[in-house]
Amino acid sequence: MAEQKLYDGEFMERSKRIPGTPVFIGRRRMEDVRISYIRYNPDLYEEKEASSPEECLELTGKGDVVWLNVTGIHDAELIGKLGDIFGLHSLTVEDVVNTMQRPKFEDFDSYLFMILKMVEYLPGLLGMETEQVSVILGGDFVITFQEKPGDVFDQVRERIRNGRGRIRNAGADFLAYSLIDAVVDSYFLVLESLGDRLDDLEDRIMPDPEPDVISEIHSMKRAVLFMRRTVWPLREEISSLEKSGSELVANETSVFLRNLYDHTVQVMDTIETYRDVVSGMQDVYYSCISTRMNEVMKVLTVIATIFIPLTFITGVYGMNFRNMPELFWEPGYFVALGVMLLIALSMLLFFKKKKWI
Amino acid sequence: MAEQKLYDGEFMERSKRIPGTPVFIGRRRMEDVRISYIRYNPDLYEEKEASSPEECLELTGKGDVVWLNVTGIHDAELIGKLGDIFGLHSLTVEDVVNTMQRPKFEDFDSYLFMILKMVEYLPGLLGMETEQVSVILGGDFVITFQEKPGDVFDQVRERIRNGRGRIRNAGADFLAYSLIDAVVDSYFLVLESLGDRLDDLEDRIMPDPEPDVISEIHSMKRAVLFMRRTVWPLREEISSLEKSGSELVANETSVFLRNLYDHTVQVMDTIETYRDVVSGMQDVYYSCISTRMNEVMKVLTVIATIFIPLTFITGVYGMNFRNMPELFWEPGYFVALGVMLLIALSMLLFFKKKKWI
Amino acid sequence: MAEQKLYDGEFMERSKRIPGTPVFIGRRRMEDVRISYIRYNPDLYEEKEASSPEECLELTGKGDVVWLNVTGIHDAELIGKLGDIFGLHSLTVEDVVNTMQRPKFEDFDSYLFMILKMVEYLPGLLGMETEQVSVILGGDFVITFQEKPGDVFDQVRERIRNGRGRIRNAGADFLAYSLIDAVVDSYFLVLESLGDRLDDLEDRIMPDPEPDVISEIHSMKRAVLFMRRTVWPLREEISSLEKSGSELVANETSVFLRNLYDHTVQVMDTIETYRDVVSGMQDVYYSCISTRMNEVMKVLTVIATIFIPLTFITGVYGMNFRNMPELFWEPGYFVALGVMLLIALSMLLFFKKKKWI
Amino acid sequence: MAEQKLYDGEFMERSKRIPGTPVFIGRRRMEDVRISYIRYNPDLYEEKEASSPEECLELTGKGDVVWLNVTGIHDAELIGKLGDIFGLHSLTVEDVVNTMQRPKFEDFDSYLFMILKMVEYLPGLLGMETEQVSVILGGDFVITFQEKPGDVFDQVRERIRNGRGRIRNAGADFLAYSLIDAVVDSYFLVLESLGDRLDDLEDRIMPDPEPDVISEIHSMKRAVLFMRRTVWPLREEISSLEKSGSELVANETSVFLRNLYDHTVQVMDTIETYRDVVSGMQDVYYSCISTRMNEVMKVLTVIATIFIPLTFITGVYGMNFRNMPELFWEPGYFVALGVMLLIALSMLLFFKKKKWI
Amino acid sequence: MAEQKLYDGEFMERSKRIPGTPVFIGRRRMEDVRISYIRYNPDLYEEKEASSPEECLELTGKGDVVWLNVTGIHDAELIGKLGDIFGLHSLTVEDVVNTMQRPKFEDFDSYLFMILKMVEYLPGLLGMETEQVSVILGGDFVITFQEKPGDVFDQVRERIRNGRGRIRNAGADFLAYSLIDAVVDSYFLVLESLGDRLDDLEDRIMPDPEPDVISEIHSMKRAVLFMRRTVWPLREEISSLEKSGSELVANETSVFLRNLYDHTVQVMDTIETYRDVVSGMQDVYYSCISTRMNEVMKVLTVIATIFIPLTFITGVYGMNFRNMPELFWEPGYFVALGVMLLIALSMLLFFKKKKWI
């Protein structure tokens, strides 16, 4: 049960916190925090690694779009400094370093704050794993926080570098949209894996279910439920973002957000379909099992009910009474055999009529 | 499981897309894209095939209603050109060529955009198949995109040709309504097929359920759920269309849209009824199976409990002890048989009283 | 499954329709369409049969309330003419002759349009049967359409004739209210029948369920669900009617409509209670069946487990080994019998302790 | 099934009614209708029995608060007269004498009308019984209608008499509040009884469920559902009363109504808890039963599987073939016994390993 | 069933109450009521024990923030006096001393009133235990009432004492927020314990479920449901507090309240996950049990069906007929043994093919 294990000890830490003071809550997933930024406008493209938060002090306000990407969030103090530089509320910083957040959207007037969840499907025992991604959208900058390196943002980076699509000509809001969009698109990949797994399971149930299939169905169910719980709040989040009416989001970007909203609805839809499929599989599994059980029972009944009376007859003529006339009757044995055959046949006929065999 | 197989690989493609750049996502269902258009007013009727998108450049703005029908959507570039000609947003074009869309309605001020799903019921193994239909309503034109030729729009075409109904005297909005209406009406045909199938299933359950009925019930359930999922968003879509207050929809057409909304509600209603019927069938099936199982068990019990004691008695008198007085008693055998008969009868009576037989 | 059979072929017809052109969809239930009308004011009462729609041309606008009742709706053309005379929208006429409508309310400014469903409970195999009733409320007239003669409106007619209650002194809106009220009241009769049937079923489950009770419970469930589906939209319909704020409904009548709304809520409430009762019955039935099954199993186990070891012992002493000392021991037989008795008793004791018997 | 029996015949009567004409619908629960009133102000307290409705004509409008309590509502005519005296709408009177009403609130400008349900829990077979209480709040008077004497209003009466609490100093609205509050408080007593019953049931399930417990669980479930259905609309009713903004309710009383609303929420909460407890019990019961069944099955299997092969062996050596060398082997019998013992032991071991015993 | 036992007798007391007159309803959990207060501003910190309510008379209105903490609420009269001193509404006092309240928020203009529930998880039989905490927020004071000493407020006290975080520089509203926040944080600890328990349960189900696991699953389910019911209204409560727009809550505190709201949503989310996990466990348990049952049945069937025909054959040759040629045939015995072996083998093969073994 991967989900719970994730909570191991984190609730403990959290209960000691002071509101507004950032404390890292989560599992540390990499060595050092890495701060890198990309600065671009239609004509310019610059990509750098920052050695300290202070380096970012004079990035903004120069007419370029700045995307600051922080990889690793376990250094609460460093994140706090960064927050001070960009004028983030202490609660925002607290939320960024707490990996137990739900996807949410908050409007702090001077910036918009979003928490997203990246999902990875590990087909082994662990099931699903999530990574928290925070996105902060200011007037001309976007800050993203991730728990570990290597992620779905690479393709956005690529697009900025090559100037493909409209991204270089649009503002920070379009960048933020592109990043969220990349996260949502990554869900489709997870759905693909889940779908493949479902197809696979299906094949193992259909002719005759293997006994261990049920535990896989259960774990599949859990994976789908987990996915559902992760994506569900995202829907509301993107809807709030679109309807926030914040000045930080241009009108042209709104159309894209509406489109993004449709995508999350599509993800939810697919998840719902998977849920139905999984619960349908469960039904099929149990009805298969019960059908087979019935078959077993019927064979037992048929054999037992045929032989029990016959065995009784043999028992009768196995008794040692002195005075048993039939025993001394010449064709007695053969008549007895014949009677038994008759009984067996008539019983078979009876079962045939009852459709038990 | 037809639904999932449909997703095969499509999620993959989608995760590589650039927002606003159209990429075809789906299964290619025909050779070449075909563009045809109909131009009409109360007095005129013209039907043509266009060899290239550019040919459509000067169709609109002449006081006629123009209906452009594009069959085949796998050529994303061609669709993109068409989009440029008619001033469609890049996201609209992206949605048109992505067959994984949910039914939705969007108001782009200068035009209205709707996505619909056509449903076909294939009674074989595959279950349901959908085809995506996009409808774009501009001031004096309607553009429709379909995945493959041969469809429910023929009867609308027929009506325009013959001038039946009010269609020739109304604007593009009424044409759009008529097309959506044709799609909704086609659902009733699917419901008819499903209903026939349900009746058929019913007959196979009623007296005595055949063992393979349950898997058909399950696939029926899936078909109904699939249908439900497809139609459900349509309701909202048509409602949004009606309430959009767009200038592109005349007041007289609104009444028709309200009526259309009622039809989708009716479709949903029938689907809900089918769901109840299917789950009722499942109940009936399982209760039949368990009733029969009980019967089997009871027969086993009755026969076993009657003969087990009797066989024991024969066993007793089959023992080879030297000193067994009963054996040497003249009428011993007959008394033993009598006792056994008595036991059997009293047990039958006991079972009768207990209502087990 | 009565509901489905009702749809037989009707979906087919419907898919060929032209929006706004009335086509009769349903089962023809009587020979000829009959048009009758009642004209009244506090002092006047007139009741007549009209031979043609044209006869109704000059009924209205004379300060009287006119109630036009059309029995039989299969003649779409005739209904169409009537619609023209009273200025009905083509969609209204289409809805009137389509018996597959859901209960709904529509405000066409110059008149209000309501569709109701009359329900009849046929205790036999068919289950529930509905009849569609359309009510049109104009300034000084009410038009009602029914599928067949003989109905719940008789008591309203009676009340107008005798001038009982406030009906003769009120306007057309109160007449319309009275008619809907009569339909809602008729539901209580159906509920009464269903309730009686439920009581009856209860009695047949309670001491010991008869095997065929379950199929009746299932059909009961279906009847209750059907009733629910029919009444549910009515609630909304009456609520919309009350809140429409149409000038056609006087303030005094509003209070009555609110009261009527309460009645439909009461109907729904009773239906919900019935649903609970039915599903409770199902629970009771299955727990009875499983209890009995357990009892059967226990008897089998007890008898088998007692006799199996005993029979084994008789088997042992039925073996034909030359050298079996016990066989030649004088009291051997009686000791063997004693041992067997002991075993049987101690097993009975064991079962008693385990509470299996 | 107490609920249904309550409807016996009442639906029949109701379908003959004329809207606005009061007809008593229900079971007559006492002999004569009794009208009594209390008149009070901070200094005065008067309690009287009225012999006729007319006596109440000049009670109001004198600056006192008047509480008119009518016990017995089967005399529709008398109630009608009273309605005329106090200016009640004909529909109000109709509702008062119809005991099948749902709890509801209606604002008739000059007075507020509430219907409440008193609940009694009869632990025997009948289950729950309700009594309808109607409360009418005018400017300076409150009229209450009950079906039978002896009720929860006594403590309010007591409080007025003794001038305890703020009741004597407050207006008619506070009196109405106090009366509704008394009804809601009485629900807690019913919940107490239900809770006791649940505790009792729990004790009878826990170690080993008695077979008749399940039917009691079912009846308990029904009682809880019934309670739920009765209290549910009350919530909305009190909320509407609080938010009505009627001039008849003083601001100070509003706070009390909000508090009362909280109480009903608390009642609902407890009912929901009970529901969970009952359905938990059902789960426990069924899992106990199935556990026991499994145990029975295992014993059967173990005994049968051990003895069946042994009995077969005795059968082999009980055969009468002339040429069976083992039979003439001196230690044959003892070897056979030993082999059988060995088989039995190894089987026991096998079962032990499989954890079947 | 801990929940119910809590209600023991409390409903009784409550039904005798007079609205607005405080009566203690609950279980007395400590000896004497203790009143202590903390007074602070950025520069000052004072902590004292008050011997009587009157001592608190002149605490407020001096520019400091005052936090009055009352431990023990069974002395309704004393609480009443305190209420008079701080101008609390009689209903507030009544609610404070009634431990059966639901979490709720009320705005009394001059102060805000909140009821919270502290939850303790007792892993033994009792399950969950709650303690009611009331928080009253005035202009410059906060009053808290608890049922017993020793609680989660200690860390807030600590923070004020040490001046950590922003608490000393903020107003009474921030203090109130901090207290509620401490209660919500304490839920995470309860969730931690529940999570540990779930992990533990999981381990006991997985390879082979122990028979008593199911009762623990049931009690776990109850604990989760209980937790859910307790936290659920809190969500609404905090949301109302945030949106109340009361002047008593500063704008800066609002952001913190929004954050707090997110925390309760997170708690709810975890509870929902636990619910899924528990019901998943139940599924796994039952499918394990049924799988094992099937295995048992199959072994029984295989052994019985193999030996029953064989035993029949031995029975045949155990009959004592004079004339049985086979018996006198020299190799008869060995042939018989061979035939039996053949039958056994072919049956095993049959079962293998059927995949029963």
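Worth a mention:
Note that the chains are named A, B, C, D and E in the order they appear, and that numbering of residues resets to 1 at the start of each chain.
Methods note: a residue touches a chain if its C-beta (ideal position, glycine included) is under 8 Å from a C-beta of that chain, and two chains touch if they have at least 3 such contacts.
Computed from a predicted structure; not experimentally measured.
Here the chain-to-chain distance from subunit C to subunit E, counted in touching steps, is 2.
For this pair, subunit A with subunit B, the centres built from the Cα atoms lie 26 Å apart.
Taking each chain's centre as the average of its CA atoms, subunit B and subunit E sit 42 Å apart.
Of all residues in subunit E, those touching 2 or more other chains are 297, 300, 304, 308, 311, 315, 318-320, 324, listed in ascending order.
Taken chain by chain, the contacts form a single closed ring in which each chain touches exactly two others. From subunit D, with the walk directed at subunit E, the chains encountered around the ring are D, E, A, B, C.
Against subunit E, the residues of subunit D that register as touching in their complex are 155, 159, 164-166, 177-178, 181, 185-186, 188-189, 191-192, 195, 198-199, 202, 255-256, 258-259, 262, 265-266, 269-270, 272-273, 276-277, 280, 283-284, 287, 290-291, 294, 297-298, 300-301, 304-305, 308-309, 311-312, 315-316, 318-324, 354-356.
On the subunit E side of its complex with subunit D, the touching residues are 1, 3-5, 7-9, 11-12, 14-21, 89, 91, 94-95, 100-102, 104, 106, 108, 208, 211, 214-215, 218, 221-222, 225, 229, 286, 289, 292-293, 295-297, 299-300, 303-304, 307-308, 310-311, 314-315, 317-320, 324, 326-328, 330-333, 336-337.
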